[in-house]
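Next come two complexes built around subunit A: one with subunit B, the other with subunit C.
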Partner chain A sequence: MIRFILRRLLSGVILIFVISTVAYLLLYLGGGDIARRILGQSATAATVAQKAHALGLDQPLFVQYGQWLSHAVTGSLGSSWFTSQPVTAAITSRLSVTLSLVIGATIISAIVSVILGVLAATRRGWVDRVVQIFTILGFAIPGFLVALALVTVFAIDLKIFKPTGFVQFATSPGGWAATVTLPIIALALGGIAGVTQQIRGSVIDALRQDYVRTLRSRGLSNTRVVYKHVLRNAGGPALAILAVQFVGLFGGAVIIEQIFAIPGLGQVAVIATTQGDIPLVMGLVVATAIIVVVVNLIIDLLQGFLNPKVRLS
Partner chain B sequence: MFRWKRLTAIAAVVALGLTGCAAGGSDSSSGTPTTLTLGVLVPATTFEASGLNWANESPYGQAVYDSLLRGNPDGSIAPNLATDYTYNADKTVLTLKLRTDVKFTDGTALDASAVAQNLLRFRDGTSPNKSYLAAVADATATDTSTVTITLKASDPSLLSNLTRNAGMVESPAAFTKADVATNPVGSGPYILDVAKTVVGTSYVFEKNPNYWKPADVHYDNLTLSVFSDATALLNAIKGGQVNATNTASNNDLDQITAAGFTINPLELNWTGLMLIDRDGTSNPALGDVRVRQAINYAFDTKALLQAVGQGYGTPTSQIFPKTSVGYDPALDSAYTYDPAKAKALLAAAGYANGLTLQMPSTSLLGTAVFTLYAQQLKDVGITVNFTDAGNNYISDVLAPKYGSYYFILQEDPDWALIQFSIAPTATFNSYHTQNATVDALIEKIHNGSQADSDQAVKDLNKYVVDNAWFAPWYRMQSSFATDAHTKVTVQADNAYPYLWNFTPIS
Partner chain C sequence: MTQAMPLQGPTLTVAEEERSARISLFRRLLKNPSGLVAMIFLALIVLSAILAGVITSADPNAASLQDVLAHASAAHPLGADSAGRDVLARLLYGSRFSLAGALVTLVVAAVIGVTSGLIAGYFGRWFDSVSSWVAGLVMALPGFVVLLAARAVLGPSMWLAMGIFGVLISPAFFRLVYASVSAVRNELYVDAARVSGLSDARIIARHIFTVVRAPIIIQAAMITGIAIAIQAGLEFLGLGDTNVPSWGSMLNDGFANIYKNPTLLLWPALAIALTSVALTLLANAMRDELERSSGSKKRRGATKRAQVLVEHELVVSHPDDARTEAALGEELLRITDLAVGYDQADGSVTTVVNDVSLVVRRGEVHGLIGESGSGKTQTAWSILRLLPDGGRVVGGSIFFEGKDLAKASEKEMTALRGKKIAYIPQEPMSNLDASFTIGSQLVEPMRVCLGLSKKEATARALQLLARVGIPNPERTFTAYPHEVSGGMAQRVLIAGAVSCNPDLLIADEPTTALDVTVQAEVLDLLRELQSELTMGVVLVTHNFGVVADLCDRVSVMRNGRIVETGPVRTIFAQPEHPYTQSLFEAILEDGDAREPLQDTPSVETIVLETIGKGASK
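Entry: the complex of A and B
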């Protein structure tokens, strides 16, 4: 078990190294004149050249990357070129915001899709058809469109929620709920569609198994059969999809955070990438890679807990 | 069914609870507002005084620092930290007398030594506007309240520059602090609340309780919220989350006024073509004044104003702003749309069969504009070959890689505008066009008497228009939006109104 975790962590480190190298290369290729972009059109050529020198942009690529890497290994990711904020502070302060959204959306989509999936699989008939239509709609309508509609109706017209911004839970739980509810709904919708379909299919499969008939014949209530036995068997594939979606939600958060002006990782990623804020983008790449590696490891362990068949001997 | 009812009931309770919280959280109560929330389009690059940006970033600096001089809304200059400012005869030594009752928020006194150190740090710092103080040879504290600035050569822009970021004064004790870029120590009307601030997103300030000029502080709290996305900004306006904000474009003005906001218009930029290769280095055609004039006549500027600028702006042929002493209303229509005349001028220059120009394009400035103006040039026989410069548009045009290109350029006060767009060394005179007439006029503007200088600005403006150094289409309207609780006086020479010109309406 410990050897398994160590091996996964080691491959994670290699993965992070590869990803960061590729990202640096891409940033460099697409970078252009970053010093000019920082200073704007009113700066003189001499000022721009001085800035480029100060940032090390006049050095060869491998020297720049080597310097970044040697600092990164010691935990120093530098400061943003466009806001002067230390990169580690920029990421940690925003990580909790994005996690609020992503974890919230994951929990909501897990709960809602279990309810809908089980309903569709056990009732069948018109309930099933309605759920199917909703999931197809959920797939088809892009999250940002839902977000825009939600803002217009619930924030601007009805004024129930806030149209933009974010309030920390610790500052005001009510304010937090007023700012995160709409983004979470917008984010969760796609996830609900995917996981509901998966649970519906797995539950239908599981219900046909012999052990279900046996359990029923022993007089167990339908609720007990479905929620205690069938769902546990059907949960594995759904969990795998949920895990993929959890990582995918970080991508979805990029757009949702832009629309709601939420100071999360997604928003800062969009701004930093278009500006060419290399230290900040590289910090984000490393942070995201770490999250992906860790989440995948946790999911693997959870799978083993749920399903003894995938456990390593 | 029973379970559904219970679920609905819970949902209703939760929704009601949220409504209660949301309503309790907003502070739009009756009476005079004590909090000002401003929308800004860019985050603060840095709060370190020696690296401060200006224009759209000006409210960050103005919140925490005082400037030596103050810019009035019309661009004229008034005392501030410096109560008196006098030049010697040839304007190479400027003496500033300082107030003696000003303290930084760390408790130390703002004295002549602090001012002198700040001036030299700005000159040698990393601000994009560090050239504001390029003429400064030295700055010394003659006594605790007198600063003497010696110049390498006189600079007509210096006083104006000292009203901006170049004149801001930071506590010397903060110079060496590790967090100098994000935790400023100044003497300004507000103090940055570092704990409540989310860098890059929202900057929260509290009133400086010991501010020396309390009459200028109209609010107890100030928040600068950054909106990099136009949709988010529009939603914040509709949701009443900002009291006032700058706008990135005029696309949403109808919706902004429908939300109860007032638009405060201002003309800060001109847009059109830069015809910078006036010696014909990259393309001999551009060296011929008739070709450059033909390009001016080829543009239906009113149609371009409607199509590109949604009608918000004023057609013009000159690059000097209305506030300039050189401004001439007649020059706004020096070149009116006349394709026949354009063709005749091209024929006279030997291009009866047309010519081809190389120009850059970028999606950053929109896509329609390039198609539209290329079509108008095509109509008189000029073909434009575009190269997509993407993110490198500005560096490519300044390189210079092109003899002519589309641009949006700021209209600074006269001397700054000349140094920026016209002088041989100007950033946007990338081919360094120079001739005796222009040199003589610039010399007169620099060193002549006030009357001579004013006349020379007029003459220079006319010369540049007659010789078609540019092909302006129109002055663009910038739109600053304010809600029903907020009054503002816009600043003639800055993209963002100055902070003390925001006042609450009770």
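Entry: the complex of A and C
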């Protein structure tokens, strides 16, 4: 088991290294005259050269990258070109906000999709048809449109929730709930659609397996067999989809945070993107890569827990 | 010229076939309600994008201070936005850019994904592993974050952004094509084409591309929908090109003015949502139609079988001989005129078992023998009321302990199963849940049926494992199913079946999947347990050796009916029905009646081979 984790961690580190290298080369090679962009068109050539020297941009690319990497492994990702705030601080201060949205949406979509997927697979008939239509709509309609509809109806017309803002959970759990409910629903819908489809399909497959008949022949009720045995066997593929959704939600959160004016990573990302704040963009790419690796590691461990064959190989 | 003629001939017919296949899918889509609606809507969107300049004379980018946030009027049919620009014109010209942007994504993704998928799937080798690794890497990245990073460097170009998104989403095509191609690559007809001297390019074009074409079209519809949504998302964030009228930038403007004029939000939102939904519906409708075309063949086959079943056949019933008369016990199970049917998609019912009647007494083993598809397993499952999806008892009665199981509720059946009627399946490995230990699968039913504590049930499970001849019960108890051999797994299943002291045991070919030497041991075990617990047994088999070994009575089944029934000795000595006689002749020709491999060599050999392969892993 420990060897399994170590091997996964190693491949994760390699993945982060490859992504950050490629991202660094693309960002710094494609960035053009960065010092000129920071200072604007009115700056003199001398000040531009001075700025370039201060940022280390006059050195060869591989030297720059080596410096960046040696700092990165100690946890320092440089400073923003525009606010001079350390990148690590800018990201970590916003990370918890985005994570609370993304994790909330993942938990909700996991719970709702298990219920809907199992219902559709075991009841079939009209229940199945309604769930199918819902998943098609949930998949097709972009999450941010759902968010816009939710804001218009529940926050602006009905005034049940606040349209914008964010309250830390530690400050006021009630206030937190009031501000994150709509964003989490908007984020979760797409995930629910995808995971429900997966669970429905794999439960239908699992129900056809021989061992289901044998377990039922031993006097176990259908409900017990479905929720204990079938779901556990159907869980593997569903978890894999959930992991993909989780990573995808970080992209979705960028737009959702903008709509609800939530101060998360998404806002940092949009500002950094429009300004061309390369160190910050680079930091975001690295942070996302780390999250992807961690999430995949957790999913792998859960897969091992669900399926004893995975554990051994 | 003359040499080219014969080559051209077949090429033309293949092309024609392909065209007709495409046309028939298109025609079927026209008959599919959601497919038709989706296609009409998409056609309207495309038309309005092309004819934008004809439909409205307004300039989508012409700002006018007098018209800021104007309501609907003759000049502005849908009103004007915060800069006084005509909403209808922006909507129509916006659809141009949305569709064109999505097309860029689609083309980039298809070119990269399909070609790399074809190469990796067809030629394999190093390109296979490298491209699969890259595809995995690209899939792992959140696309939106990459798009933002690219925008930071490359500036606001919609075409570039959509092209990059095409690269990011190309693994969707790659995986699809790769999976289909590597599945087809080693098919015999592809080998045949290679042997007959066709070039790789030709084989790919003619044999492989036809396989993946339909899934690619479906995937393309999905990806177009996603691309439209992603583009709208970028524009909505204000990261797009401000000079280009687009649905996303209209959303942005509408959201900024949501308190002043909410309808500004409504039109672009509707356009995006409806287009995405239409594309998804179209993809789903195409998938449904493709699946239905393969399903309809199955239905045709089934109706043919139903017609065969209409023939009436004579049941030859032999009286008890001295041996079976002496052993007459309490009647456990009485099946009368049982019919089992499967509901078909068109509302009809296909029967697989007809007019089956049999009686099983305590302490008696009743064999059901017949070739595959004769309905013996269906009969066995209907006693447990565990027929597969769509199957049910459509006639007759199954009386057990004075209760008609054909009419019993699911709750009553759950109470009977395990405790009164137990079941031993055919294939040991697939009948154990691979995710749970063998022990937990034995303990759980005993706790439910017998109300034992965990400790008591564990002790009993260990006893049972020892009883069925498992050398190290503790180790097997904690093992997972894939860690034991097929013979061991079958013993575990037998232990599970008898764990709650059932009165009636349904054994469905309990030895078919086992090694010949193990078969004899398992038959011995069954015989011992049966007399120890004085159970009635329904034994399903296709092997006369097993019948001679274990059974008191036997019923010969064919095409869902019993054709001959009686005491084992009578049937072996004087088979009267021509079918029974033909079964015996088939065995006698090859000599040894107890050699299962010669009975139905093909199936047996395959099963034994698979077990052998499984064991050698």
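Assume the second predicted complex is superposed on the first by the 276 of 313 C-alpha atoms of A that agree within 3 Å, B and C clash if a C-alpha of one lies under 4 Å from a C-alpha of the other, contacts with A are read in each partner's own complex, and residues count from 1 in each chain.
To be clear about the criterion, a contact is a pair of C-beta atoms (placed from the backbone, for glycine too) under 8 Å apart; a residue touches a chain by one contact, two chains touch by 3 or more.
In this text the structure is predicted, and so the values were computed from the model without any measurement.
Within the superposed three-chain model, A:Gly276 lies in touch with subunit B and with subunit C [touch as defined at top]. Contact comparison for subunit A: of subunit B and subunit C, C touches the greater number of residues. In the superposed pair of complexes, A:Ile259 makes contact with subunit B and with subunit C alike. Of the two partner chains, subunit B is the only one that A:Ala54 touches; subunit C does not reach it. In the overlay built on the shared chain, the residue A:Thr74 is in contact with neither subunit B nor subunit C.
Residue contacts after overlaying the shared chain place A:Leu148 against subunit B and subunit C alike.
In the superposition on chain A, contact of A:Ile156 is made with both subunit B and subunit C. In the superposition on chain A, contact is made by A:Leu39 with subunit B only, not with subunit C.
Taken together, the two structures place residues 30, 148, 151, 156, 258-259, 270, 274, 276 of subunit A in contact with subunit B in one case and with subunit C in the other.
Residue ranges on subunit A touching subunit B, taken from their complex, read 30, 32-33, 36-45, 47, 50-51, 54, 79-80, 82-85, 89-90, 93, 148, 151, 155-156, 159-165, 167, 172-175, 177-178, 181, 258-261, 263, 267-268, 270-271, 274, 276.
The part of subunit C that touches subunit A in the complex is made up of residues 137, 139-146, 148-154, 225, 229, 232-233, 236-239, 251, 255, 258-259, 262, 265, 269, 272-273, 276-277, 279-281, 284, 381, 384, 386, 388-389, 410, 414-419, 421-423, 425, 427, 430-436, 441, 444-445, 448-449, 480, 482, 493, 496-497, 499-500, 506. Residues 15, 18-19, 23, 26-27, 30-31, 136-137, 139-142, 144-145, 148-149, 151-152, 156, 207-211, 213-222, 224, 229, 232-233, 244, 247-248, 250-252, 254-255, 258-259, 269-270, 272-278, 281, 284-285, 288-289, 292, 296, 306-309 of subunit A are the ones that touch subunit C when the two sit in their complex.
Of all residues in subunit B, those touching subunit A in their complex are 15, 17-25, 43-48, 51, 53, 55, 126, 128-131, 181-182, 198-202, 225, 227-229, 231-233, 235-236, 238-239, 241, 390-392, 394-395, 398, 409-410, 420, 427.
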